[in-house]
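See below for the structure under consideration.
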Amino acid sequence: MWADYLIWTFLGIGLTFNGLGVIGLLRFPDVYTRLHAATKATTFGSIFTSLGVVTYAFANLYLNGNSGGLTLALHTIVAIACLILTNPVGAHAIARAAHRSGTLPHPRVVDKLEEVKR
Amino acid sequence: MMSKIVRTQASFLYTFILIFGFYIVAHGHLTPGGGFQGGAVIATGIALIAVAFNFSNVKRWIKKTHLTAAEGIGLLTFLITALIGIGTSFFYNWLANSGLIFGQRVSYGVNPGYLNTAGTLPVMNLAVGIEVFGGLGVIILYMLNYVKEVRNDAS
Amino acid sequence: MMLLNLPYITVAILIAMGIYAMVYKRNLIKIVIGLSIVESAVNLFLVSLGYRRGGIAPIYTSAPSTYMVLPTPQALTLTSIVIGVATTAMLLSFCMVIYRNYGTLDSRKIRRLRE
Amino acid sequence: MRNALLCVALLVVLGCLLYVSVNPGDFGVSRGEHLAFGEPKYTDMDDYFIHNGQNQTGANNIVTSIVFDYRGYDTIGEASVLFTAVLGVGVALRELRKRRDKNDE
Amino acid sequence: MMNFLGNFITPAGMWNPLIWVFVSLIIFLIAYLIWSRGESRYKKGTEQTLPFLSGYAPESAEGTHVRAGNIYWGFVTALKGYYKVLRKIHTGNVNDYVGWYVGILAIMLLIYLLWGGA
Amino acid sequence: MILEEILQVLILIGLIISGYLAIKFRDLLACAIALGIFSFLLSLEFYILQAPDVAIAEAGIGAGLTTAIFILAIRGTSRWEVEE
Amino acid sequence: MIDAWFLTAFILFIWILLSTVRAVIGPTVPDRVVALDTINTLTVAIMIILSVAYREIIFVDVAIVYALLSFVATLYIAKYLEGGI
Amino acid sequence: MIWDTLMAHSPALVIIIPLLAAFGTPLIGRAGKKYMYTWILCALALTELMTIVMLYHVFTNGTAIYVMGANPYNLAIPPDSHGIPVRIILTVDAFSSFMAFTASTVALAGGIYSIACEHEQTGQEKYYALLLLMLVGMLGMVLTGDLFNFFVFLEINSLASAALVAYHVDKGVATEAGFKYAIISAIGALMFLFAIGILYGEYDALNMAMIGSRMQFTNLDKIAMALITVTMAMKAGAIPMHYWVPDGYGKAPGAISAMLVTASQASLYGLFRMSFTVFGISANHVTLGWFIIILGVLSMFVGVTMALIQHDIKRLMAYHAISQTGYMLLGVGVGLATLGTAAFNQYGLAAMEGGIFHIINHAMYKGLLFLTAGAIIYRVGTSDLNKMGGLGHTMKYTSIFFIIGALSIAGIPPFNGFASKLMIYESVYQFQPVLSIIAMIVSILTLASFVKVFHSAFMGPKIHNVKEVPRSMLIGMAILTFFIILFGLFPNIALHYLVKPAAEALASPMGYLSRVLGGGP
């Protein structure tokens, strides 16, 4: 069934990216890079796992005629939208707070934000 | 006051949280959720506003007295809704299966759910939602106010 | 059998941990944290009491089954959660006032009331 | 001394809680078996709710129907607890300014 | 119908508060009679009420008052060891409050589990 | 079904770890964060135990409000467990 | 047979446990907040996946609430670190 | 007709009235203080009236049950439920209504007293709302027949009490006391909830009668029993867990100290109710009874000896409150230890009557004493006995009230303390002479320490230039004094109408069970 393969593909992509994000969170040297890896990759990955769910829902709707599928897809899309809306803002706030609280980037070559502020 | 990005997003998300909280409250008898959960969601919206914007502005927008009044009114609505049933007994569900508003009959078993059912439950959900929203919101505001005051005194 | 009761074992460990924090930690906020852990553990206990293997959530939707988990513990847990947040908020506000008056959160120093 | 005694007490409490969690039924008294996770033995009250809740209250969500109808009295107590806590926070964090002025007098 | 003014029956017998009040009133009456036959020349506010302290002036009004901390000094001193223990366990520390609760809980758990059987 | 059970076991272990962290940290802010993680995992456990009502309540109150209240309280008092 | 949905949720949870490691060792508070944020995102993903696994549509509501609200906690911590509040 | 309806619905109305008033108080308080005072006093008086109506109802018709939300209000068991109660059932037997009467009386006196006593404080509408909520908590605890509902009202009671203990925020120590009280009661309540969870898990019921009838007394039940009894004893202030009592009582506003006594007694009610009704059918009475007796004796003795060395007037009285709680525990414990044996009818019931009678007596005289202490602090400004003296010159009424309270607590006839103490002494003597002798010694020491208070506060030369306290405070004290003298001179009234039915209701758990589970309206 093509729907199943699509779903598995989406889930696989999502899992991979989430895993990459988490590995980045673990392995990167300072807050900013960790933040980069964690937020970007996990948001992306979560979108893809949720897309798998949406695909499942539409497949259910069109192939099996299950009317609950539409609700599921709609709610999932709302959840993804919330993630997309909130995650980057949270990341931004953390990065700013980390900078302001004096956490330094690890191999400190140049700090543009500090220069701009000055 | 946080950065402009956060503020913009907060002012947008606040409406969203409000709508979603109201959805949770109103669908309390059909889907997971209900008065407490919806009220807590809306109160978190207040917490979001309180953290994202300058506190002096927040103080101007959201008055503690209004929240306390909302709390009291919600509780009184809840109590009086329960009290109306005292013809039979306190907390009697006098609207259920009566055919009036919220009084539609449901048959046992699987159904997609209709908003117009469950008697006094939606009313109580709404009342408790208002109460919890007021209560938790006012707790956050009290604490913020106190923290600000302490810091002003220290400086 | 042992493994299947794992939620209860977790509850026991969490309660013991929370009480440990309440008895041994000197910081008032730490004590409140311990209390809140105990409270969460009790909530978990209540919810897992009502679990039935293979049951669905006690909500009638389009799900075909009517073999549901027990609803009463969930209702009790809702009540207990709100009570917990109320208690926590009040205790923390007391902590703030105490810090203002005493200048410390150390429970060994906060004992003007003794004997 | 104090620490050792408290440790013993904590361990006893933990032991009893663990006993609660792994209890396989008590010397042939069958009621105790209920605490096995996922297999409640006696469910008569809850089955009543599950089977009659929808007819009696009209709510699809049985939990809501319990919270607001069958055990509505608890709910009003809970709402009062929240109200109490708000009042308590308000009492504790009352206006400081007025108090300071009074102290100055 | 019960008798309101009747006897108050205890396991060992009975007792009636009204009779007691009556008797004590009589005793007070006798006491008053004795008191009224006393020296009538005694006047308040004159020198007669002042204590005679070998010619020294009496202490000020505040000084003659026996303060609360001094009352039962002997009793407290006699039970010094007992009070020492009591003072020691009243630490006023929140941890100890919870600790005592947990301790009693543990003891009671043991006792009930060992001897509480039906 | 076996995966569900293992998932549950893992969540419970995570609960114990995060609870331990919430007690262990000396930085109260970190404690609040650990308590937030605790609350997440607890909510996930409720979700798996088929209690969505409770999960929503725990999500709304445990994850959002309690953390906020704790942080406000830490701001009103002091951040470190042992001052000096 | 192993359900693909449960398998996904399971692997996602392993990621969560790995992020918890960062919360444990993170040298500074911002590190821990990043871990919290990651756990939050992954929890939302798990909840969406599990709602399909249990064939319960309404469970997605919980995920929405999560996605909306946990962000507030992050903001509070961030503002604390900035020295706001 | 209306009278019948009122009586039938009185168990619900008793709680609804103060709850409604409490919810409305912050709204009314904005209109003005006069309106608020009127509102509060009306609510308290109405509650008192409803309690008396309920008392009458219970006295004439036997144990009343009220099912929340059922179609006839007294349908405990729905016809299609195979004999299990599903809703929350208020079960009001004589003991419950007796406790409700005590609580509302003290609350009425406290409410009137507070009007003058707290008029300088800010946030008064919060104070009165909390006072009403505390009353609601006590009433809910004593009226309910459902375990979880008991827990909820316990929480209301403890949170409201903690907030009120911390009411004088400007003092600083008050907040400390409030914090301690809140934390200890919170952990206690959580353990109680855990016990409820165990019982629910085993028997799938939350109704006390249902649990009592299904009780098998397995090891799990023993654990639950330990959790419940220890928590309740802690909340009642029994000795090894009494530390919050002097802090909380000592730093609370005067009227609140008086109400805290009643709040502790509501927990005491919980202890007795649980041990007699829920566990009493199958538990080992002797173990449970001796547990309560030992707690009682310890409380009596340590409480009074600690009180002797105090120099803070309210702290001293708080230790006496602990010591008097010991009498109640002793009396009822003897009743429990002999329950089911021939000795019960011989002296056990009398001991229980004494203990229960002591509850109302203690609430009245200790309430009065706390009110007088509040009056002294209100005028003098300090609670340190070392700095007092000569108040009797000017505060005449207060000193008279104090004398009455002090003589009553020491068990001097003709005040009410004597009657209950006499019953306890005599019946306990037949059970175990040593206990009775200890009780008498404690009584003597009580008198001694009150002589000390009276001497150092009211006697001696005039040190403070103070006036008599305002009239509302005097009225509050007079209400309690009225009951003290009434019960002292005519103990048969209380004994016949209040205490005997209460003790008999408590001693017959089977009656309770069959009333609830008997089915039918």
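In order of appearance the chains are A, B, C, D, E, F, G and H, and numbering begins at 1 in each one.
In this text, contacts are C-beta pairs under 8 Å (C-beta built on N, C-alpha and C of every residue); 3 or more make two chains touch, one makes a residue touch a chain.
What you see is a predicted model; the values in this text were computed from it and never measured.
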> Listed by label, which chains are in contact with subunit D and with subunit F?
Replying inline: B, C
> If you tally the C-beta contacts for B-C and for E-H, which one comes out higher?
Replying inline: E-H
> What chain lies farthest away from subunit C once each centre is taken as the mean of the Cα atoms?
Replying inline: E
> Where the CA atoms of subunit A average out and where those of subunit C average out, how many Å apart are those spots?
Replying inline: 31
> Could you state the distance in Å from the CA-based centre of subunit E to that of subunit F?
Replying inline: 53
> What whole-Å value do you get for the distance between subunit C and subunit D if each is reduced to the mean of its CA atoms?
Replying inline: 9
> In whole angstrom, how far does the Cα centroid of subunit A sit from the Cα centroid of subunit H?
Replying inline: 57
> Mind pulling the subunit D residues that touch 2 or more other chains?
Replying inline: 6, 10, 13, 16, 20, 35, 40, 43, 45-46, 49, 54, 60-61, 63-64, 67, 69, 71-78, 80-86, 88-90, 92-93
>> If a residue has to touch 2 or more other chains to count, which residues of subunit G qualify?
In response: 29, 33, 35, 54, 56-59, 61-62, 64-65, 68-72, 75-80, 82, 85
> Which subunit F residues touch at least two other chains?
Replying inline: 50, 52-53, 55-57, 60-61, 64-65, 68-69, 72-76
>> Applying the document's contact rule, which stretches of subunit B touch subunit D when the two form their complex?
In response: 28-32, 34-35, 68, 71, 75, 78-79, 82, 90-91, 93, 96-97, 102-109, 111, 113, 117-121, 124-125, 128, 131-132, 135-136, 138-139, 142-143, 145-146, 149, 153
>> Quick check on the complex: what are the subunit F residues that touch subunit D?
In response: 53
> So in the complex, which bits of subunit A are touching subunit B?
Replying inline: 82, 85-86, 89, 92-93, 96
> What part of subunit C is in contact with subunit F in the complex they form?
Replying inline: 3, 6-7, 10, 13-14, 17-18, 20-21, 25-27, 29-30, 33-34, 36-37, 40, 43-44, 47-48, 50-51, 55-59, 68-69, 74, 77-78, 81-82, 85, 88-89, 92-93, 95-96, 99, 104-106
>> Quick check: in the complex, which residue numbers of subunit C touch subunit B?
In response: 57, 59-64, 66, 78, 81-82, 85, 89, 92-93, 96, 100
